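Each of the next two complexes has subunit A plus one other chain: subunit B in the first, subunit C in the second.
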Partner chain A sequence: MTDKKTGQPIPRNPTLGEKLRHLLISQEGVLFVIMLVSVLFLATRTDKFLTVDNLLQQGRFMTEVGLIAIPMTYIIITGGIDLSVGSILGLTAIVLGWTWQELGFPLELAIVTGILSGTLAGFVNGLFIVRVGVPPLIMTLATLALYRGLAEGISEARSARGYPEWFFQLGQGEFLGIPTQLWLLIIAVIVFGIVLARTRLGRALYAIGNNELGARFSGLTVNRHLLFIYTFSGFMAGVAGYIFVSRVSTTRSDMGTGIELDVIAAVVLGGTSIFGGTGSIPGTIIGVVLIQLLKNGLTLSGVTSDATIVVIGSVLIFAILVNNFIQSRREES
Partner chain B sequence: MSDALLQLRGIDKHFPGVHALKDARFDVRRGEVHALIGENGAGKSTMIKIVSGVYQPDTGEILLDGRRVEFSNPREAHAAGIATIYQELGLYPELSVAENIFMGHAPTMKRFGLRAIDWEAMEQGAAALLAELNIHNLDVGAKVGTLNVGNRQRVEIAKALSLDAQILIMDEPTAALTESDVEQLFSIVRLLRERGVSIIYISHRLNEVFELADRVTVLRDGDYIGTQDVSATSEGELISMMVGRTIENLFPKQVAEIGDVVLEVRNLNRPPLTRDISFSVRAGEIVGLAGLVGSGRSETAQVIFGVLPAESGEILLNGQPVKISRPSEAVDHGIGYVPEDRGHQGLIREMTIRENTSMAVLELVSKNTFISRAKERVLANHSIRQLSIRATGPDQTANKLSGGNQQKVVVSKWLASSPKLLIMDEPTRGVDVGAKSEIHRLMSQLAAEQGLAILMISSELPEILGMSDRVLVMREGRLVGEFTREEATQELIAHAMMSATPAVTSDVGATL
Partner chain C sequence: MSRPPQRRPLDFIGIALALVIIGAYFTLPFVVQPERGPSTVAVLTESKKANELGVFKTGLEVIPLAGLGILLLGIWNVIAPAAGRAIALLTSVAGLLVVVYYINFFRNTPISPPSEWGEGTILGSLDLAFWVMLVAGALAILQILIPRSVPDERYRIRKLFGNQESVILFGLLLLIFFIGIANPRFLQERNISDNLQGNAYIAVAALGMTMVIVTGNIDISVGSLVGLLAVISGRLVVSGLPAPLAWLAPLIVGAGFGAFIGFLVAYLRIPSIVVTLGMLSIIKGILIIWAGGERVRDMPPEYFLSQMRPLGIPMPIIIMVVLTIVVVLWMRYSATGRAFYALGGNAEAARLSGLSQRRLLMTVFILNGVFIGIASVMYSTQFNIIQATPPPALELSVITASVVGGVSILGGTGTAIGSTMATLLLNFIRSAMIFINVSPFWLKAVQGLLILATVLADLIRRRRQRL
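For the complex of A and B:
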C-alpha cells in the first residue's frame, strides 16, 4: 500500500492481535514468560512456595532492591552507573541511628536527617560526574568505599537498637493485608515508570543515553538531568536504608553491602542496556521479582545456597540469550 | 559482456518497508575504474554490500570471472579477491602500520617449535607493498592512530592489496580528505588500474567521476538507470539520470525582503578560533560564512549557540543583549543550529524520526511535562511532507534513513522550534544532488517567505555564491572579508580565505 503522490508506504494502525503479539515478544514480555515458567516449576518442587503468605513475605524482602533499582534504571539508561548505592544505604541507616541515639534527635527528625544525608551523598556523586567530568564508574566506585568508611567511622562498630514500636510499622507491619513497604514500592514503580515512559524527563534520559552530544546540541539540559538522577538515586537508597532498619530492628554499618550488584543484575536482566539508550521500569521490576522468587523458591526446595547462586546465574544468562535471540529475529522480520 | 570480471544480474533486495534494489545489474571489467553514482537512498550502498558479502540478494546472481558465486559473509568475498575500503576506517589505531596491513595473515616463522610472527618479514612486506603504491614517506612501525586520515586510507589500500584483491571497492574515499591527499589517492587509483585491479568507486562528487572513472553506472530509487562511458557523457546528463529530471536552477535563490537585524555579535572572543568577531544577520537574509577548514567558522557558530560560550563580547538578538552560556539558552532565545557532524551532534540516530523532530520542542508537544505522542506524530508527519523525507513513517529509526534524509530530519527539528535565526553548518555535506537542491530551495523559501535569518557555513564556494545575500570570510579565527552578493566572486573569496597578508578588519563590520 503506497501513497499515490509520494510513493511512500502508508502506515496503518496495528490490529489488537498484532499489538498482543508485539507485547509478547517485547523484552518485558519474554521476561514475564520466563518468570511464569520459573514460578510454575518451583511450585511443583515444594508446596511452601506458591502461597499468599510466602509471596507477600518475598515482596517485603525485595522492596529495598526494587526501590533502588528504579533510579538505577534511569542512570543505566543514560549510560552511567551508580555503585555507591549499597554504601549510601548503610550511611543512611547509621546516620538515622546515630542522630537518634547519640545526638538525641527525635526519631522523626533522625529519619529525615538519614534520608537527607543519603540524598546529599547522591548529589555529591552527581556533582563530580557533571562538573568535574569524573566517569560515573570511577566516581561511584570511590564513594562506594568512601561512604561505607564514613558509616563505619560514625558508628564506631556499635549498633543502635531499641526503637519504639511505631518505627517498625513500615518494615514489619501490614496495610490492607499487604506488607507496608510493598505499597511504597508499588506506588514508586507506577509513578516513576510513567515518568520514564511518558514525560520530558524520561525522553531526555533516553536521548542522553543514545547520544549525549546530540542531546546537548538539541538544547536539552543534560547536566541538570544527570545531576538530578544521581541525587534521586541517593534519595531512594536513603529511603531503602530507612526501610531496612525498620525491617531488621537494628542499625549496623555493614547494611546494604553488595546490594548494588543485586540491583544492577535486576536492571540488566530487565532489558536495560548497560551501554545506555534502552530500558524500562516494568522490565526492571520483573527482573527484581524474578531474582527474588528464584532465590526463595530454590531455598524452599532444599537447594543449598551455593547451588542457588549458580542456578540464578544460569537463569540470568539464559534469559539474556533468549531475549537477544528473539529481539534479533524481531529486527530481521 | 565477455570481458567482465564481475557481473551482477537481476539483483533484488528487500528490507522492511523498502525495496532497496529492483532487478539491478552492474558489471566491472578487469582494470577499470567504474563509478557507481546515485542520490542517497538510490541503492549504491546496498549494491556494494551485496558485492562484498555483507548482504545476500533475494534473487539474482553474481558471476566472478564467468563463474557463479555466492558470498554468505564478507570473509568469503575477501577470499575471492574483493576488498572494501570503508569511510569509517576498519583499522586498529593502537597497532602499527605493518601489523594493520598483515592483520590476520602475518608472515610466520618457526621459533622454539612454535609458529611465531616474523616481524622482520612483516615490516619488509609492508614497506614493499607501500612502495608499490609509490608511498615512501610512511613509517611502517608507526601506530595507525597517530596517522592522518589520508595516510590511514593508504594503509587500508595496502592491506587490501596484501590480500591480493582484484576488485577494490571505495565508498566515498575523498569525503574526509584534504586537497593534497585527494591528489595522492587519485594517483594511487590510476596506478592500481594500470596493474589490472578493478575499482568500484562511489562518490557524490561528479568532477571526481570525470577525472578518474572509465565507466559510470547510475542507480535511482533502487532501479538500474544505465551505464555510460565517461568519455561519452556529460555532467548534465548524469545529473538528470540521477534525479530523473533536469535541474535547471541548481541554486534556487528567491529574492527576499531584507528586514531588521536579528542577530548582532560584537567583538566576540574565544581564542584561538574566535577572535574579535563582529557581524550581523538580518531577517530574510542568508549570510554565507566561508573559510578553510580550521579557520574557526564552526567554532564561532558554536560560540553563538553556547556550546563553547564566549569569553568576552556581546550577542544581541533583535537588538537586546543576551547571555548564552549553554545550548539550551540559545534555543530559548530562538536560535537553531544544524551542526556539521550530523551523526554525532545533529541526530540521535537510534531514535525515531518522531522523537528527533520533537527533540528541541518537547515543551510544545507536551502538557504538564507529559509528552503527547499524537502531537509528536502530527509534527513528524508535517516535517516528512514539508521536506519530502523518504521514510516509511514517523516511527522509522533515523539510522535507517539515507544521509540526505537524515539531514532533512535535523533541519526539520530546528524548523519545528520556529527559530528567528538558523545557523546551518555545512548543510549539504554528504548529501546527494536531489536532496541538496531541496534543502537549498527550502532555505531560500524560509528566508523569503518567513523572514528567517540564516547563517550558512559552507566549504563549497558555488554553494556560498549561489545562496548568500552576503558573504563573510574567516581566516585563523578572524573575519577577514565581507562581500555583497553582487561583489562576490570565487576568486575574491578564495583570495580572502587563503591570503597570507594580515587581515584588514577595519572595514568589516563598519558597514553593518
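For the complex of A and C:
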C-alpha cells in the first residue's frame, strides 16, 4: 500500500504479533525473560520464595537501591556516573540523627535538613562537573571520600537511636497491606519513568548522552540539565537515607557503604549503556528486582549469601553478553 | 629536532652543592670535636647539649643552605621529561628534607635515632639525616643527566606547574616542611619507613591501574583480586610449597584473571567497568566461600618477602621503586607502551595506524593482573596472618592514586611516577594529620578535600595550557 501523492509506503500500525516480537527482543524484554526464568527456577527450589509475604518483604529491602537507581539511570544515560550516592546516603542519615539528637531540632525539621543536605551534596557534585568541568567519575570519586568523611566527622562514631514510634512508619510500616516505602518507589518509578520517556527533559538526556556537543549546538541547556540530574541524584540518595534510618531504627556513619556498586550494577543490568545514550527506567527497575530476587531466592534455597554475589556478578556479565548479542543480531536484520 | 644535552652552569652548581653537603658532613665533626668519629648528628647532639654550638659559630649553616640550593635545583629541573623529571622530583624532596632536619636540629628538637636501614652493613651506624644528605648529594649530581631541550628560562618558570607530577611534588614539599616543623617526629625514620612499607603494595597495584586507565579502561575488581591471590599464596605455602613458588602463583593466577577480563573486554566488547563490576562480586564471593572467613596463619619464616631487608632496605620499598622505574621507562620507550597511549588517546586513529586493539587490550589486562599478583604477595607477606577478606576499599585507593597522579580518566595521558608519588602523598597526608592531632574522625573528610583540591589543581592547569 503506497501513498498516492508521494509514492511512499504508508506506515501501517504494527500487528500485535510484531509488537510482541519487538518487545521481546528489546533490552527490557530480554531481561524480563531472564527474570521470569530465574523466578520460576527459584520457585521450584523452595516453597518459601514465591509467597506474597516474602515478595513484599523483598520490596522493602530494595526500595533504597531502587530510588537511587532512578537518577543514576538519568546520569548514566547522559554518559556520566555518580559514585558518591552511598556516601550521600550516609551523610543524610548522620545529619538527620545529629540535628535531632545533638542540636535538638524537631524530628520533622531534622528529616528535612537531612534530605536538604543530601540535595546540596548532589548540587555540589553537579556544580563542579558543569562549571569546572571535572569528569563525573573523578568528581564523585573525590566526594565519595569527602561526604563519607563528613559523615564520620560529624557523628564522631556515635550512633543516634531512640526515635519516636511514628518515625518508623515509613521504613517498617504498611499501607494498604504493602510496605509504605514500596508505595514511594512505585510512584517514583511511574513518575520518573514517564518523565524520562515522554517529556522534553527526558529526550534531552538521551540527546546529551548520544552527542553532548551536538546537543549544545541544538540549543539545549546542557549544563542546566546536568546540574539538575546530579542534584536530583543527591536528593534521591537523601530520601533513601531517611528510609534507611527509618527501616533499621538507628543512624551510623557507615550506612550505605558500597551501595553505589549495587545501584550501578542494577542500572547496567537494566540495559543502560555505560557509554550513555540508551537506557530506560523499566529496564532499571527490572534490574533492581532481578538482583533482589536472586539474592533472596538463592538464600532461601540454601545457598550462602556469599555464593549469591558470585551468581549476581555472573548474571550481570552474562545479561550484558546476551543483550549485546541480541542487539547486534537485531541491527543486522 | 632534539638538541644534544647541553651542559649548563646549573649542573655544576648542583655538583658543588652536593660536594658541600657530603664534605661538610664528614669534616665538620672533626672541626667541632676532633676526637669523635664520623657521625655528625651524634657529635652535634652532644655539642648542642653542652651549649657549645650557636648559629653562625661553626659554619654548620652551609648544610641547610646547600640543601636549600638542591631543593631549588630540583624544582628548576622538574619540567624535564620522564626519567629526568623523576630525578628532579626526588632531588627537591631530598633537598628540603636536609633543610627541615637541620631546622629541627637548631630548634633543639631531636632529629632521628640511628638508622635501621643498612643494619649489619658498614652503613648501619649512620643515621637518617646522613642518608638523606647522601641521597640529596647523589641526586644533585644526577641532575647533569637531565637533557636540556628547553632553553628559555622564562618559559621554564611558566611551565613549572605544567604537569601533575609537579603539583604533587609541591604538595609533598609543603607537607614535609610544615608538618616537619610542627612535629619533627613526623620525619623520623620509623614513621617514614612504616608509611612507605605499608603502602608500597597500593603503589604497585596503581602501576597496573595506570596502564589500564591510560588505554581508556578501568578495573574496579582490584581489591577482591588482591584478597583472593593473597589467600591462594598463603595456603599454598602452608601446604608445603616452597616460598618462591608461592610468590609466583599469584602472578600466574592474576594473569589468568586478567586474561579473562581482557577477553571479555577485547573480544566480546563488554565495557571494562561492567566486566570488572561483575568480577568484583564474583571474585569476592569465591574468596569468601573458599576461605570460609578463615585467616591463613603459620606460614614458614622464609615466606615473608615483605619483611626481608636486603642491605637493610625493606623489600617493599625496593620492589616499589624498581617497578615504578621499569614501568615509567617501559611505557615511555617501548612500542607497546606507546601503543597504550595511542589507544587511549584516540582508539580509531590507533586502529587506522595498524595497532591491534584486541591484542593491546589483552596485554594491558594481563599485565594489570600480574601487577595485582605482585601487590598481593607484598600484601600477604606483610604480617604473620593473612586476612580472608579483601582489603577494604582498596580499589578506590588505587584508582584515586592513579587519578591524582595525573592519569586522565578519559585515557591517553598519565605516568607511573605520578601514580606512585600520589600513593605516597595521599598516605603521608593521612599520617601527617595524625601527627598534628587532627581528630581521627575528620581524617577522611580532610583527605577527600585534599583529593578534590589536587584534582582541581590538575584541571585548572590543563585549562590554562589549552589557552
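Criterion: the second predicted complex is superposed on the first by the 321 of 333 C-alpha atoms of A that agree within 3 Å, B and C clash if a C-alpha of one lies under 4 Å from a C-alpha of the other, contacts with A are read in each partner's own complex, and residues count from 1 in each chain.
Note that a contact is a pair of C-beta atoms (placed from the backbone, for glycine too) under 8 Å apart; a residue touches a chain by one contact, two chains touch by 3 or more.
All values reported here derive from a predicted model rather than from experimental measurement.
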Partner chain(s) touched by A:Gly277 [first = subunit B, second = subunit C, both, neither]: first
Touching partner for A:Arg198 - first (subunit B), second (subunit C), both, neither: first
Partner chain in contact with A:Leu261 - subunit B first, subunit C second, else both or neither: second
First, second, both or neither for A:Arg252, with subunit B first and subunit C second: neither
First, second, both or neither for A:His225, with subunit B first and subunit C second: neither
Partner chain(s) touched by A:Lys295 [first = subunit B, second = subunit C, both, neither]: neither
If touched residues of subunit A are counted for subunit B and for subunit C, the larger one: C
Intersection of the subunit A residues that touch subunit B with those that touch subunit C: none
Sites on subunit A touched by subunit C in the complex: 128, 132-135, 137-139, 141-150, 152-153, 155-157, 261, 264-265, 268, 273-275, 304, 306-314, 316-317, 320-321, 324
Residues of subunit B defined as touching subunit A within the complex: 16-17, 307, 326-328, 330-332, 337, 339, 344-351, 355, 359-360, 362-363, 366, 369-371, 385, 388, 390-395, 413
Subunit B partner contacts - residues on subunit A that touch it in the complex: 6, 8-9, 11, 198-201, 203-204, 206-207, 210-211, 213-221, 277, 333
Complex contact set, residues of subunit C against subunit A: 220, 264, 268-271, 273-275, 277-282, 284-286, 288-289, 396, 399-400, 403, 409-410, 439, 441-449, 451-452, 455-456, 459, 463
